[in-house]
Structures are given as C-alpha cells and as structure tokens.
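Structures for review follow.
Next come two complexes built around chain A: one with chain B, the other with chain C.
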Partner chain A sequence: MTAVRPKWQEPPRPVTSFAKAVTVVVVLALVTVPFLVVVSTSLADPRDVVANGGWVIWPERPSLAAYREILNGGIVGRATLVSLAVTIVGTALSLTCTVLLAYALSRPGVYGGKPLMLLVLFTFLFPPGIIPAYLVVKETGLLNAYAALIAPVLVNTFNLVVMRGFFQSLPSELYEAARLDGASEWKMLWRITIPLSRAVLAVIGLFYAVSYWNSWFHALLYLDDPAKWPLQLVLRTYVLAGGQLADPSAGEAGLMSAPQTVQMAVVVLATIPIVLVYPFLQRFFVRGVLAGAIKT
Partner chain B sequence: MVKEVPSTKARRWRRDRILLAFVLPGLLYYLVFQYGAMFGSSLAFLDYVPFLGLKDSRWVGLDNFERLLGDADFWRATLNTVEISLLQLVFFFPAPLALAMLLHSIMHVRIKRFVQSVVYLPHFISWVIVVALFHQMLGATGVLNGLLADGGLHTVQILGNPDAFKPMLVAQVIWKDTGWGTIIFLAALMQVDEQLYEASAIDGAGPWRRFWHVTLPGIRTVVVLLLVLRLGEILSVGFEQILLQRDSVGAKAGEIIDTFVYYRGVQAGDFGYAAAAGLFKGVVGAILVYAANKISHRLGESGVYQ
Partner chain C sequence: MTQLSRRAVLLGATAAAVSSAVGACGDGSPGSVGNAGAEKVPWPTYVPFAGPPADLPGTAEGVQPGYTVYPQNLVSASKAKPGDGSKVRAVAVTYGTPPTPKEQNKLWQAINDALGIDLELTLIPDADFDAKMATLTAGDDLPDIISIGGGHRLPREQDFVLAKCADLSDFLAGDKVKAYPNLANLPAYAWQGMGRVKGRLYGIPLERPLPGWGMFINRDAFTSVGANDQSWSKDDFATAVKALSKNKQYGMGANKGNQFGIRQFHLGAFGSPNDWKLDGGKFVKAETLPEFKAALGFARDLFAAGAYYPDTMSISTVDMKTYFYNGTLKSMTDGLAAFAPAVTSVKGAYAVDLALPFKGGSAAPTIMAGSGVFGYTVLKKASPERVQMLLRVLDFLAAPFGTKEYELTHFGVEGTHFTRAADGTPKPTELWKAGENVTNFPIGYLAEAPRVLFFSGVDPDSVKRLHKWETLAVPRAVKNPAVGLVSDTSNRNGVAINKALNDGINAIVTGREPMDAWEGVVKKWRESGGDKIAEEFAKEYAG
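After this line comes the complex of A and B, so read on.
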C-alpha cells in the first residue's frame, strides 16, 4: 500500500524520516491520549481514581459501575433520550428541507430563483444575533418546547449552498432525458438527484446530526426546565462541577458531588455516538466537504 | 415523439408549481427565523420591556448605542475579541497547513489514511466535551499536574488563570480543528503540477527550494483566500467555547462581544442594550465579511458569494 516515490525525488534521509515519524506519533498521541484517560477513568475503581488524584491512564480493576449509575433512570438517562430524539428528528427535518430547497434553487430558470438565492445568501452576511433570535423564539411560542432546539437552526445556509452547488454539477442531459419521458420534478429528484448525491447527503446529514447532538446553548437559552435538557447541557453541569468553573445559574445539587468516574462516564456517553457513526461516513468527507466549498 | 416543448409557458408553470412547493418549508424558515430575527434587531432602538413587547416598548433612538460607546466593559470585550482573533490568526492559522504538508509527504497510503481519520475526529467533538478533556488533562487535578507532582515539581495553574486564558483558548482550537483544516490545504497541495516538481528537481533544486519555488506559489491562492476570509470574521471567536469558561477567569480576561451580549441581555435582562451591542457586532462583521469577499475577488478568486 505504498505509493511509488517519483523518480525525481531524492530518497529521504534517515534523520528526516525519523523526525517525521516522531511528529506523527506525537500528533496521534495529542489527539488520542485525552480520550484514553477519560475512558480509563470512567471504567476505573473510584478509590483508585481518588488515590491517583483524579485520573488514571489505565483501569486496574475495571468496572461498569459508573455507567450503571448514570443510566439508572436518572437525569442522564433522560437527557440521553432527549438528545437522541432531537438529533434524529432534527436531522431528518433539516435534511429534507435542505434537499428540497437546494433542488429547487439548482434548477435552471425557476421562477423567483434569483431573488430567493439572494435572500438566502444575505443571511451569511448578517446572521441573527442572540437577543433577536431569542425574541423570535419567544414570539413564536416555542419557549420551553423541544421544537426550539430544531426550528431556529432548521436550514444551515452553508450546507444549502454546498448541496445546491453539487446538484448543479450533475449532468443536465439526465434531466432532459427524464423530462422527455414525462417524469415529474418529484420523480427526477427522487430517481436522479438523490441517488447521484449520496456522498454529499451523507456528509451534510452528518454535519446536521453532529450539530444537533453537540448543541447545548440553545437548550440553555430556550428551555427553563432542567428535566428537558439534552445530554450536552447536563454534561456542562458536570464539567462545571468537575472543574473550577463556578456558575451559580447551573446549580444542580445532585450532580455537584458526583465522583470523577461518573463524570467521565457522562463524557464518554456524550462522545460515543459521534465515534460510532464516524467510520461509516469518513470516506465521504473529502468529496462532500470540497464539493461546493470553494470553487477554484 | 416530442409531445411538449420543455420551455412552453404551461410546462414551465407546471414544473415551477411543484418546485415552489419544494421551496416553501425552507422559505418559511428563512423568513421567520432569519429575517424575523433581523427585524427583531430593532430591539436595539428600544427601551425594551418584555412585558410590553416590541410594539409598546419606548423608542429611544440611538440611546443604547451612545451608552455602548461610553461603556468600558464593552470596549474591553471588543478588545478581548480582537486579541483572541489575532492570536488564532498567528498560531492556529498556519497549523493545518503544516500538518497538511506532513500528511502530504507520507508515502504509505494506509498510514496516511489512518492519521487523517484520527486527526479529523476532534472537529466533531462538542465544546463541552473538549473543555472536559482539557480539564482532565491540564486541570488542577488533571494528568499534567499529577505527573508534575509525582516528579516532585511545581504544579501549574493553566485553567482558571486569567493570564493563561487566551493562549489556552487558542490551544483548544488548535487541538480541535487543525486536523479538519488540513482537508482544504491537502486538496490544494494535490493540485500542484507534478511536472513542476520534476522539472525543478532535474534543474537541481533540493527539497527546500522546491518547497519555496513550487509548493508555496502553487497553494498561495488558497492560503490567501482563507486568510482574507478569516480576517473578515475577526469579531467572531468561539462563543460556546468561551461561554463555557468565561466564569473561571472573570469578565476582565474572558469577556468577548458575544458573551457580553449574553450576560447583559439574557442574564441581566437589559435586552435593548444587549441587542445594540449585538447589532453593532453584526453590522461591523457584515462590512468586514463583505470587504473580505471583495478583496478575494480582486485577488482573482471566487469567494463564498459568486
């Protein structure tokens, strides 16, 4: 699996190769060691963690006690379900709306296409501020509703522009042929555009899913009731409890005393879905990201 | 065979009627949540009382902005924002380029792919988790201080230390997004013409001279474009990242414009004033982004806006 070194390139000197290898190993360690420490600490015996000053690099006596504790019907289990539901519903809605809008805007000569595109692009220049966004959510009656976590971020303009750019790059002969056969726009979208755009749809779906899963600020802003909080916001409380960050507004007494193993178990829980879907979507990244990002 | 010409009016209307239906949900979103919010920015000109609402709150003109211009807290937040942005520009911006060159030079395809998979991952990790990881590694009871104490050395206070706060933020961004940032530079590196390398090597240019005379000119346009676009966003630094950690160092070191808006508006209930600060940032930001795009067009590149 080694690419052939071009003939003109001089063979690498041992010093260079060594320095390169060391750098690669250091980079890999910088990324992976924090995860390793967190996973190990979550699996360790709480007494070992305390004895070692708050962390272990390897669990000597591994146990799942911390995970049993957080998933035992408490706030974390509930928050996980909220996060999963918001992520699944939100991603489905966002992807649907983005595909429909991108498709319509990608068809040449659609009525109102140009002003609509300007309307969309202008929001790039002037994204809504925190206070006006809050005001809109309040006025639309979405305060304290789960919908407040989805509706205000339903379509991401960057994703929309990338998707439209990709749709436009599909060969127009396909559409012309389909139209001669009497296919409707709906059929063309379903039979031509979507099957040819799997990579882009996968990447943009991933972007949406990740942003829903990782979101916590909207919940903080729009949901007063901690029982409705998603996992990341609950985790924020753990982070605050674990570190020296003090925020009087986030005083969940029950969590403050949680042992380090339990806190780290929540961190792992909040990371797992990302790590699970990651390998499946990774092969689409480069194609999807570069599809419409910057045309040179 | 051709029953209808595709461009007849009846045909076009039939086609567009369906397309306009496709547009509806998205359009509704843009009108309500984007343009509604833009309209809601008029809050900045009101002495807004939530109980009275937009219509009945008192119109105060530019009072909020006048107050803003004389508010030392606001200017400190602005200064912090720009400082953090510039630190990121100097220390974070070149990092993906350097890593991309390292990746590009790895000949072994499987190793290269593996390293790429690992370094892209942190981009997808939420800020809450990133901050938690940094606590576990660098906090008072974290790995670094544990090792220092075991070795009989002085422990260091990195987190919660106002002096270390800004470099800390940059370090977190480097950890999270360097790998992801390599994608675009790798694409640029791969587009450099192989024959140029060959020709210069035959002419006797070593690796450094090839880097200087072939690689750099080849990727210059992408680098300049990204740099210009980044400059356009100088007032936007990671809001979530900083909101999570601002309280650990206090407002003096940790306040940025966005957190200023959040604390004044949502926490203190001074909505009109906070909206004025947000609008100020929005307008200056829009001008900067627009200018950045104009400049990138001047440089012969197509920016985000065609």
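After this line comes the complex of A and C, so read on.
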C-alpha cells in the first residue's frame, strides 16, 4: 500500500523513515516480547527455564506438562466453572441494578433523588474497611455462599456515575415526546434509554465482567471451603506456592516452589477469557468511557 | 441545606475516625498481656520418645537426629482413637495449592478416620494470612483449632489469645503434659520459643530446628578457589567470593527480603549477638553495637567489589534459588529447610553444603539460632472435656518419626500415597505427586513432631553432610534472648519501627549512603520506638 502524499509535502529523509521504523519495532517489541516470553516459558521444559535464569524466548523442547499439572486433579476445572458462573450471573445482576438505579437517579424530579445520590457517593468516598464488610456479610448469613462474591459489590459507584451521566446526556425532548404518547417510565427505559445506550452498557458490562473474573479477595475472606474458590484465587495459590515467605526463619523456606513454567501457564490461563472477549468490545470502549465524562 | 448536610457528613466521619483511633489505643497499654509480675506456670516436662535409634544421633543442644535409612519397625504412639466423632473446625496457613475436596481426598479421609473426628480445615495462603485472620478474629465464630505461624502476627495477638482461647496450663504445665506423651516429646526450647501469656500456657509449639538459617554454598565452586570453611578468616572468605564473581556469576546470593544475608550469616561471623543482647538485665539491639557495623561494612565492601548479585535488592526468594541451582550464584542465605529441595534441584551438578562462619573479628564466630518454632496452635475456649479431646488429637498429630502415626501424617496411606522401596523408604505415588500430599493438606501446622534429618529420595550422603554441619555449628549457636518475651510496642509497630534499620542497611550496602549514615539510622530507630521495645523486653524479662 502506498501512502498518498500531497504534492506540496517533501518526501521524508531516509533517516526519518529509519527512525520511524525503529520506533515502531521497539514499541511493538515492548508489547509482544513479554507476551511471547510468558507463552514460551509456559510451554518450555523446566530444566531449560532454570538453566536460562527463569524464562525462555522460545521453547526448545515444548511440552504441555505445566498445563497438565494445573488442570489435573479437577480443582482448576471446578474453579473455572465457579468463576464463569459468578461472572455471568454477577454481570447480569450488576448491570440490571446499575441501569435501574442510574435511570432513576438521572431523571429530574425524582422524590428523594438527591439524598439518595449523596448516599451512593458517600460509599464511593468512604468505602467500608475489610472487617466491617466481613461483619455485614457474616450477619446477613452470606458466609460460605457464592452470593457473598456478588452481593457486596453489586453496584459499583463509579460505573453508576458514568452510566447516569450518559443517561442524562440523552435529549430530554425524546422523553417528553414519549410521555405525550403515554409511555410509562418502564417503557421509556426499555424503548428509549437502553437502545440509545448500547455503547455504555457494553463498556460497563465489560468492566463488571472483568472485575468479577479477576476478583479473588472476596472469595478469600468469605469462602472457607477451597472447593468453592473461583479460578483467580486458585491460580494465585499456584503462583505463590512456596514463594516469598513472611519469615523465612520459620523454617518453611525449603518448600518446593512452583516452577516458572507453571506460573506462566497460570498467567496464560487467567488471561485467555479477557483476550477472547476484548477485541469484540473494544470499539465501544472509547465512546463508552468518554460518554459520561462531559455533561451536555 | 446541602452545605449543612455536607458539613454534618464530614463531622460525623471525623468523629467516627477519632473514636475508632482512640479505641485502637485503648486496651493496648504496655504489659497488659505480658508476663511481668504474673505468676508463671512451669514449662511442660520434657520426656523424650524412645523410638527407633538414629544412625546420626541428635543432641539436647539442638543437633537433629539423622536417619540415612528409614526405620524398619514402626511403633504405635497412641493407644486409642483420640477423637469423639464430632466435627472439628481448624484454620492454618498453607504454602501449597488447594487440596481436593474431602469427599475425593483419600489423605484427608484417612487422617479423619485415624483421628476419629470430622476435620474441616480452612487453609489460608501465606500471602493472605494477615487479612483473613483479621476478619476471622473480628467475628465471634472462631474455629476450634487456630494455628498461628510462619512469621505472621495477629493484630494484638496476646490480647486475642487471652480473651478468646483456652488456657491449657491445667492440662500441660509441668508433669501434666505426660498425659500427652507426644506433646511431652517436644523439646523445652520449642515451648520457650512460643512463650507464655500472663504467665500461663495457651498453645502447642510447632517445633523447628534450632539453627534457623545458613549460608548454602556450592561446595565444588568454593573448593575450586581453595576456600575451606573449617578455618577461614574474613579475608579468606572475601577472596573466595570475589574470585567466584566473574562472567556474570556471583559469589554472594541474597534476596530482597533478607538484607544481603547480613543478619543470617555475617553477624555470626563478626560475633554479634542474635538480634538482642542481654546485658545485665538491659536489652541492647544488635544493630546498635560495633559488631553489626563491622558486618555491615564488610557486606558493603563485597557489594562494591561486585561479589553480590547486582539485583539482590529486587529478586525474590524463588529467583534467588533458581540462580543458585543453575550456578549463577555460588552461595545463598536461606532457611535451613531449603537444604533438601536444593540437593534435589541441583540433581548432583554440584555438592550443596552449608558453610561454617568465617572469623570476622576478635570474637569467636557464631551462628544465629532461630526461635525454635514455626508458630503455635491455640484452641478456642470450650469445656474441659472438649479441650482434652482436642489435645489428644494434637498429640496424635505430634507423633514422632518412626511411628505409624508419623508415617500417615507425613507420607499418607501405603499403596495409595506411597509404596515402599526395597529398604523400606516410602516412595511417593503419582497421586501424591499430583497434589494429594501434605504440602496441599498441611495437617502438620496443627501439631507436629520435632523434625529429624530424613529426606525421602535424597542422597543419604547429603544427610550426613548436614548433620556434620549441625554438629559443628549448633554448639556455636547464639540465641535471641527476646524470643518468647512480649513487647506491646513491638507487636503493634515492630515492622514499621524496624523498617528504618532495613532501609538503612540497603542504602549503605549498595553505596547510596556513606558508612557514617548508620549512626543516624540507629538514632531514628531508637526514637521511633526502638528504645521503648528494649525497655519493655527488660521489664518483661525481670518480671
């Protein structure tokens, strides 16, 4: 492909072209080489990895042993199902609740709208600490239940504010016209707001999905039974196994640590779903994120 | 209206913050849980277990008995099933990956069956122990058995133990421990390393060998440059590690967590006390003494000469081990338990050994003793009958090497988790290797026998080398006089206060600060609470 250059523009000097090419190669390498190293190391022979100081660029003797080690025993398989279920159910519930609340708070003249908004913002400025949150989960009987992974984080205030901003940017004339035609609030939400907000819904849906998929800390605090743990918490134990200890003098420093091949295989496994989903939602991204930024 | 409500919100938040801050300092007054002035119950009587004789005998000082072959005739260490069939909830730290669920886990089932209880074990990954325990102890729904260890401290740990846990003195103090013969087999240094709370016994110690750390060396490499650790001076040592530092290989290995191995190896070489020195009833921190400064200066010179791995400040323990195994590092400072995995991992490429300390100053070189414990286990308050039942369970788990109980809790079930080699050594099966093992189901963190030198499937010669090192090093071990003593300031802020020292060491060794800066570092440590810690230890020791 030849670039079209206006007649008045001088052709670039070879030095400039060369510098541009070098820059592009360097930037590309910065992105691709670490990724390549991760994938290659996960497929390499552990002996080669140790001999090379912890990583390889290209697996000389490729093997799937690291993946087999992780996927054997059924723990990771089960955890994947848990993670998928929590992500799907959680995202659906979160998106529903966020849309409903954002819609209510975006409409002018809602009774108690402003105090409610301040209450929501208060949780944004002063999030609960670990222990108060734990006590609430415990008192509501959610300990050791999957619901504990969803209920405490059902509505994210940041997402709510972005979505409310987007809803407020929709022209009020549309709602007036709908009102004149006799539409109820439900109908206006369903027929006007949602169809016009697909970009922001996609982005916030992705935000929720990613945060549910990546979440491990709530599971650690609220689920005692490792059989219920989601994927990220289980994978985390593979990365940490035998690793940095709080106090090596305690005498456990000699535990065999997971080889780097296993750790890298964990990274690959944890990234796959997001890598699969992201390209399809990427086009909404900039539009959706900017949506709530400026009030019109 | 809006303004008023905002102000009210701010006022409310401030009031809440102030009240919680005040509450936080309220009941932490010095000595509130200490042993000073309290009547102390005697330590449990030590009754050693008469098991299979070791071919490399241990000593009362702390040299571990060594076994080059597995005992042929195992004995039983408990008469009846200790449990009463009830459900027992326990919590412990883990360094492994999650175990398979109880319904599918034959190891878990076999141990439950042998113990006669339905054990529900909650395992907390090491990295998340503090956060999870903070929530667990905040709720009032405590498990029956709580294992605290691995260098972790709970927030105001002694207060928690005193308020929520069962006082075990009436079952374990003095000769009473004889009702639990395997607990009576735990050495005195382990009980003392755990310590008492308000003069009473609240836990069962998890014993670890007395030498806490060592410098692991690539024996072949050190021999190749003519170094002999049986009689080396600091100049011999420096010459050797400098000679080994060439072609991107380094004589000295350490990691970001252990400050160039100064406290673990160099200090002993220069004859420094172990963390604290007891000087006529007063406690003096090792860092404030000239021996420490000499060791610091020595490490600084080695770093300047390029003998340390250049990224020592940023590499993890795992990376350090990897570089040691592949020959990049010719030595590393690490916990003693790193020995067997190191021997296995280098696969005979060179002999892994522990180095004796060099003679750094006028004093005789020493090694630093560890606390002798990994941590300890406490029990939730319960009826005396239930506490006794739980103690019987822990007694079973503490059955020593050479018993059938030990074999079950360390190697699993014969035929399922291990098969026997011709000499009787348990050899792990595929199921064990695939994850159904005691790394992932670490039952030993509830109670465990004193450790011995026996490495299944590791070259017996390495056991002899380690035993020889212990025989030479343990008599030189210096204990930390503060182990087992309580300082409220240290419990609350010790990590933050000591950070000044660690940052100072890093800056001086790497040459970012001049050697003279050390006095300022020590002064800062004293003023930020160091002196207070020393006073509290002294008070506790005197009482």
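Throughout what follows, the second predicted complex is superposed on the first by the 213 of 296 C-alpha atoms of A that agree within 3 Å, B and C clash if a C-alpha of one lies under 4 Å from a C-alpha of the other, contacts with A are read in each partner's own complex, and residues count from 1 in each chain.
Here is the rule we use: a residue touches a chain if its C-beta (ideal position, glycine included) is under 8 Å from a C-beta of that chain, and two chains touch if they have at least 3 such contacts.
Keep in mind the model is a prediction, meaning the values are calculated, not measured.
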| item | value |
| --- | --- |
| Partner chain in contact with A:Lys187 - chain B first, chain C second, else both or neither | neither |
| Partner chain(s) touched by A:Gly54 [first = chain B, second = chain C, both, neither] | both |
| Touched partner set for A:Ile131, first chain B, second chain C, both or neither | both |
| Of chain C and chain B, partner touching more chain A residues | B |
| Which of chain B and chain C A:Leu221 touches, first, second, both or neither | both |
| First (chain B), second (chain C), both or neither touched by A:Glu176 | first |
| Chain B versus chain C as contact partner of A:Tyr111, first or second or both or neither | first |
| Chain B versus chain C as contact partner of A:Val161, first or second or both or neither | first |
| Touched partner set for A:Arg198, first chain B, second chain C, both or neither | neither |
| Common interface residues of chain A - those touching chain B in one complex and chain C in the other | 52-54, 126, 130-131, 134-135, 138, 217, 221, 236, 238, 242-247, 249, 260 |
| Residues of chain A defined as touching chain B within the complex | 1-3, 5-6, 8-10, 20, 23-24, 27-28, 30-35, 37-38, 41, 52-55, 57, 96-98, 100-101, 103-105, 107, 109-112, 116, 119-121, 123-136, 138-140, 151-152, 154-155, 160-161, 176, 179-180, 182, 184-186, 189, 210, 213-217, 221, 232-233, 235-236, 238-239, 242-247, 249, 260, 263-264, 267, 270-271, 274-275, 278-279, 282, 285-286, 289-290, 293-296 |
| Chain A-touching residues of chain B, taken from the complex the two chains share | 1-3, 6, 12, 15-16, 18-20, 22-23, 25-27, 29-30, 32-41, 43, 50, 54, 99, 102, 105-111, 115, 117-122, 124-129, 131-137, 139-143, 145-146, 149, 159-160, 175, 179, 183-184, 186-187, 191, 194, 197-198, 201-202, 206-207, 221-222, 225, 239-240, 243-245, 247-248, 258, 261-262, 265-267, 271, 274-275, 278-279, 281-282, 286, 289-290, 301-302, 304-305 |
| Residues of chain C that touch chain A when the two form their complex | 5, 9, 13, 94-101, 104, 120, 122-129, 131-132, 134-135, 138-139, 141, 149-152, 208-209, 212-213, 257-258, 264, 316-319, 321-323, 325-326, 328, 334-342, 345, 370-371, 374-375, 434-436, 439, 451 |
| Residues of chain A defined as touching chain C within the complex | 50-54, 69, 72-75, 118, 122, 126, 130-131, 134-135, 138, 217, 220-221, 224-227, 229, 234, 236-238, 240-257, 260 |
